[in-house]
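You will see two complexes here that share chain A, one where it goes with chain B and one where it goes with chain C.
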Partner chain A sequence: MLKDNILKVVDIKKSFAGVQALKGVSMEIKAGEVHCLAGENGSGKSTLIKIISGVYTPDSGEIHFGDKVYERLTPIESIRNGVQVIYQDFSIFPNLSVMENLAFNQELANKRRLVNRKRMRQIAEEAVAKINFDIDLDAKVGSLSVANKQLVAICRALMFDAKLIIMDEPTTALTRKEVDALFRIILDLKKQGIATLFVSHKLDEVFEISERFTILRSGEKVITGDTSELDNKKFTYYMTGREFEEEPFVPKNVSEEPVLTVENLGMNGFFKDISFSLHKGEILGITGLLGSGRTELALALFGLQQADTGTITIEGKPVKLNTPQDAIKNGIGYVPEDRLTEGLHLPLSIGENTIAAELDKLSNKLGVFDEEKKKQEINRWVKELAIATPDPNNACSTLSGGNQQRVVLAKWLARDLKVLILNGPTVGVDIGSKYDIHQILRGLAEQGLGIIIISDDIPEIITNCSRIMIMKNGRISAELSAEEADEQTLTRYMM
Partner chain B sequence: MSTSRRNVASFVKDTHIRRLLTLMILWMIFMAIFRFDKFYTFLNFQTMAAQFPEFGLMALGVMLCMISGGIDLSVVGVANFTSIACGELLKILAERSGELTGGGILLIMLLGVLIGAFAGIFNGLLVSKIKIPPILATLGSYELFRGIAIIITEGKAVANLPIKYAETIAGKLFGIIPIQLVFFVVVVIILSFLLNRTTYGTKLYMLGTNKTASEFSGHNTDTVLIQTYMLSGICAALGGLIMLANYNSARADYGTVYTLQCVLIAVLGGTSPTGGKGRISGTVLAICVLQMISAGLNRFPQISSFYIPLFWGGALLLVMVWNTITVNGKSGGGFIRNFLAQLNIKTGSGK
Partner chain C sequence: MNNRFFKDLTKRNEFYIFLVIIVMGVLIELRSGQFFTPNNIVDLLSALIVPGMFALGAFMVIVSGGVDVSFPALASLSMYATTRILLDVNYQGGVWLPILMSLAFGAILGAFNGVLIATFKLPPMIVTLGTSSVFRGIMQGVLNSKQLAVIPKGMSSFGTAALFVAENPQSGLTSRMPVAFLALVIVLIIVYFFLNHTMYGRGLYAIGGNEVSAHRAGFNVWLIKFLLYVGVGMISALAGMIRASMMTQAHPTNMLGMEMMVIAGVVLGGTAITGGAGTLTGCMLGTILIVMVENSLILLGVPTFWQSFFLGVLIIAGMGISALQVTRASKAKGSVVREVKQ
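Coming up: the complex of A and B.
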């Protein structure tokens, strides 16, 4: 079936301050198709989207909408040609109601100065009906879940006779169920002849939703093709230019005695009757839906929240973990869920960030640093974890996501830990670094560290963990060995 | 960062420092043209060196609190409270023993530092344990300390102090260097050491940039905050002890312009109102520039000292606007609003 192109970009070039972000990229999108645009961070995806939506002006190249050709495009022209972009931050007004958010643009476009709530409600009702979105129109948008905010943004986009909806990494903050709902909507739009350009670097999503894909790497188009011809290995290769072979993790040095034992741990309203043990050399995976209690469990194990019932035992000794200091004293480290807001001091140096958890070890009793020891320690970890920086005195914010995550890891490895808990260790990390981080974790387990990985990323859990615990509604719904685990089984226990 | 903080090259590269140096040179040229013989005298510089430590010490404390992500608006209150308490005690000591001894003065100073430390710990507890926003906590404690001071003195000045105290603290080392300056320099050295060479300093900067991450690294952030406000209290108390010597009297409403001036100094010196950024060198330079400007303005009899608050208030806003445009980029707007809000509170409560 041959369809017309609704959008074609030809040989687009764009550079910023001497750095070429796009080096002559061409691609086309057909009416009503779901097209996936993939690439690592910095590959030029966002720049390309901003050129299509008229935010950036390309240095050279052409943008075709049907038979209209533009060399430069304004945002208004882009919208008139049916392009709508749903950015990651959704660009909605959190303090206004759903109705106001939906009706505002049209009211403004019609130059209406007076508010007519009845008319606004009607506009809003029509908008949500297009995707059968069931929502309280009077709810404040700020109080909605991320998924619902996104749907509001989609409804708003559809009000402008969109022919192409561009979604910039729409699934980042969604749960699996919400992703499914989003995908149903995308397919529904497809039936109405509306094309979707879906930006993602998550492989499973690319397979699931898109018919065709385009992969960018360092500002160049690597390939465009049908998703049916793509597989896991090829995808990774196109994205990174490297080949990775991840064998399932087989623990080698598992200790006889458990290093951490948790018995009947419970926290009111979050989790209940959690019992498990962790041996040295093991990697234990914990997964579950958002709100299953997995994060609260991790926080309780690190002393950030207190469990109400149950006991925690470290190497046979029962311990009380009331503060992170208690946890650290007992050899527990925690890599938080969001490294930007919880893990790093971005404006401070890479070096200072690496030693953040062991300041007291690098100083005398009065807290005066041993400068020589401090420098050695920083250099040691920068080297050991291959943190890519010309100078550890540079601010941590200069690093890429993968390297930042290594800094958070280094912070903990610098202490002699018994147990390391990682909450989403590779969220927002590109494939290459993700592989490297997994290798580091495996190496640590072999050296006798007990590791707990909490993750949404089911393939990550299956390939890297020797045992897997699934949480549901605050309880352990299953515990599987790595051999028994596959995606279907895990998903079944989660739902 | 800890090495670069001490690095001379980066000192000159820092936009705040460059701006201050430019301002200082321009002002010096201006003074050279219009009042050369009155400004460029040894005596004038000696006088300036005796004048700035009282508010310079307070500004250092404010800077520390701002690095932690907070602010200390109570410094003037702590300083006046300290100087009143110490002034009263001086009188008692002098009455009892007739002659004030060196040991007596040392005792008084020790007491002053203790008062400052306790006042600071009080602020620190309000901010860390009770979690009151620092602006409100310290504005409240400022009024509290001032109120106690007014009640003790019934609003009058504590005067008729034994002259020996002023002679000692406001004296000259080797007949040249003002003792006040010696206090200031010693505090600067101690604070530089604390910030750059100790775990306290690193923890403070970390707390200022990201409190959650500090907690996740196992730092006791409450302790760091309490230590910081305690240091600020001690700095303010030392400032108060110097004020006591400079004026040879104490009063609950001395130096009220200093609150805003201290914030201005910290911001001019490159301390970020959002925390995590700030260095002693920048603050010291800002103190010097402000002292030169106010001393220079005094050389123009036609400019009344009534203009000083207008100058400082205007300068603070100007610097914030400038920071927003040049340094902080897009994130600055909110802080301008914060500071405007602060100014409103200040002018409202000053009446």
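Coming up: the complex of A and C.
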């Protein structure tokens, strides 16, 4: 054997309160390999990671590090065996300096009681040198970009003679350039013999970086293999157990007159000279890099921020959108980028969330709810959008990302909309739900809704939009029809 | 280099508080000619002792991401219980025993806060509101507290002992600098060392920044929090004892209500109420400003009942400046819109 397994888990089972999260999963990781762990939300990825890092104790099964076999593992033992986890929140202290963030773990592991800044600086310098990370050690971590915060977390992980670094969905908040930089680091670590377990459900990333992959579905391992033998279709099938074929969207019911016309819209410092129109039945895609003004444009169209110049016309009637209430009154709905904090009341029930935008319609003149009507309305939407829940009275936080997104949609569809604006509709949503959401949007367009999708997921834009507008530095750099659009062209106009 | 130093300086709350203190001092001086006189300065420092010690405790709690409103009640109870017991046994010795006793009471009562907050993970604000009421209840019910006009001799002679006497050359007024000022200096040095040079102290900042991360990094979060409330209890009880000694009487209720003014001073000095950020310099400057407003407005010819008005204005202005800085910082990053994060 040239490459030894550094980690092997055998027949791991784990259940929580009667729900079997892992049903006997085995996998192995070789020294210095980049291994991708994929699976939809709820497939057991996080549970498996937590078992490897010693946070959870498995109900049965074994964990092997070389010759050492564990039935139960503590976090410290896991670290001693060279496992380091980089959590999605990076586990950093935003209020402290880079130096302290880097040095704390080691100082604590060495049971230091007094602070020695000279020694801490030395530790930090050694840590950043490992990946040639050029950073001001005295900067506060909170002031760094997401990518740099992640690098701080990686440097910290490397200080413990790591043999395996587990990265939990490391690319979600990174720009493309930052992802490239991260991948270079992973390859660099590989050269040093450090393996990476890369958790992701984005298939392009899986293809790009990993040599081998393991896919979990509903707590079971579906397959382990070489990435070279994997293709798009197989990947999706293994992940979801379903086969999808997404045809490009062809609008059928396009209205003569535009439902929304925007002329010379501008907001100081964010965007300028934006003109376009949207017809009923169309899906218009707006894409651009982070900071191109796409999000601000969406916020202006929904009255969350005010444009300084230009006009917005709805069905031939000029409108002023100073508040979201104005926008709603004019038939505009908005599904925000960050649905968790902006679009949903997580602790409230699924039912309450679906009807949140039409409360006025469900109450009588005195403002008292018609409970019967409310119940009917809730049931109608849960059914119509196939929200997977045993009970609409459960809290929204119990749903998976895809289902939460459906609740946000339901909330808006409950009103009679003319225009629906979606910002990053499938960010953090797994493939199956993503497909379902796209189908729902297409159906809505066919029923005569004008839809705007703002997204930096280029394949999503190309297959689902009939027209595509590209923004760059706050201006429209190109408008393409779906037929003219391909990834290269779009990327060229974005950069 | 110099330029950068100045730029950094103007970004800091401490700098502005310092400016405000100077401006106010000059105003009072111009108006009354009595601010920059030796006896007035000594009076101010003397008035700073008790609020200053309270502020050090409140500062540490706020840095850890909590808030403590029970310290005046805790200080009153420790002070009163000590004084009562010593009077009952007709104690004639020096000040060391009263100080040690009140420290012990403070530690026990602080541990009570600590267990509720660190072990049972209850919200500090609610816990300390509750214990504040409990401490007051014990004092007024169990101990049947009333004002004690006489306190043990050791205490009163400590409270009135002077390091030196400052005299105003014009008016001939004199002010004594109490020996107790040394206690503030000593506590300040200990807290400074603790916060900046021990892992426990850095742990407080780490917990205030992100408690989950602190746990994962290997900080003993429970122990740090528990010891924090024990320590704050001891500092507060010591402050209570000094207050009684300086007044040469034990008044059970006249410290109650100081919590808002003390916390205001700490926050005014740039300590983030959300935890994790703040400096001792800022904490002390903020407290000095509050004490100045309380003590010196009268020299400006402002009637005393305007004090609370000015305190309020200061707090709002202080919070406003830091809020403004946050907005400016995020605007400087190019966008007021938050980026996608999940």
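Everything below uses one rule, namely that the second predicted complex is superposed on the first by the 490 of 495 C-alpha atoms of A that agree within 3 Å, B and C clash if a C-alpha of one lies under 4 Å from a C-alpha of the other, contacts with A are read in each partner's own complex, and residues count from 1 in each chain.
The definition used in the following text is that contacts are C-beta pairs under 8 Å (C-beta built on N, C-alpha and C of every residue); 3 or more make two chains touch, one makes a residue touch a chain.
Since we're looking at a predicted model, the values are computed, not measured.
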Chain B versus chain C as contact partner of A:Glu100, first or second or both or neither: second
Which of chain B and chain C A:Thr57 touches, first, second, both or neither: neither
Touched partner set for A:Glu337, first chain B, second chain C, both or neither: second
Which superposed partner A:His345 touches (first chain B, second chain C, both, neither): first
Partner chain in contact with A:Gln376 - chain B first, chain C second, else both or neither: neither
Touching partner for A:Leu290 - first (chain B), second (chain C), both, neither: second
Shared contact residues on chain A - chain B and chain C: none
Residue numbers on chain C that touch chain A, as the complex places them: 196-202, 205-206, 208-210, 212-214, 216-219, 272, 275-277, 334-335, 337-342
Chain A partner contacts - residues on chain B that touch it in the complex: 1-4, 197-200, 202-203, 205-206, 209-210, 212-220, 276-277
Partner chain C, residues of chain A touching it in the complex: 87-89, 91-96, 100, 104-105, 107-109, 112-115, 146, 172-173, 270, 290-291, 295-296, 299, 337-338, 340, 424, 427-428
Complex contacts: residues of chain A adjacent to chain B: 302, 304, 323-325, 327-328, 334, 336, 341-349, 351-352, 356-357, 359-360, 362-363, 366-369, 371, 393, 395, 411
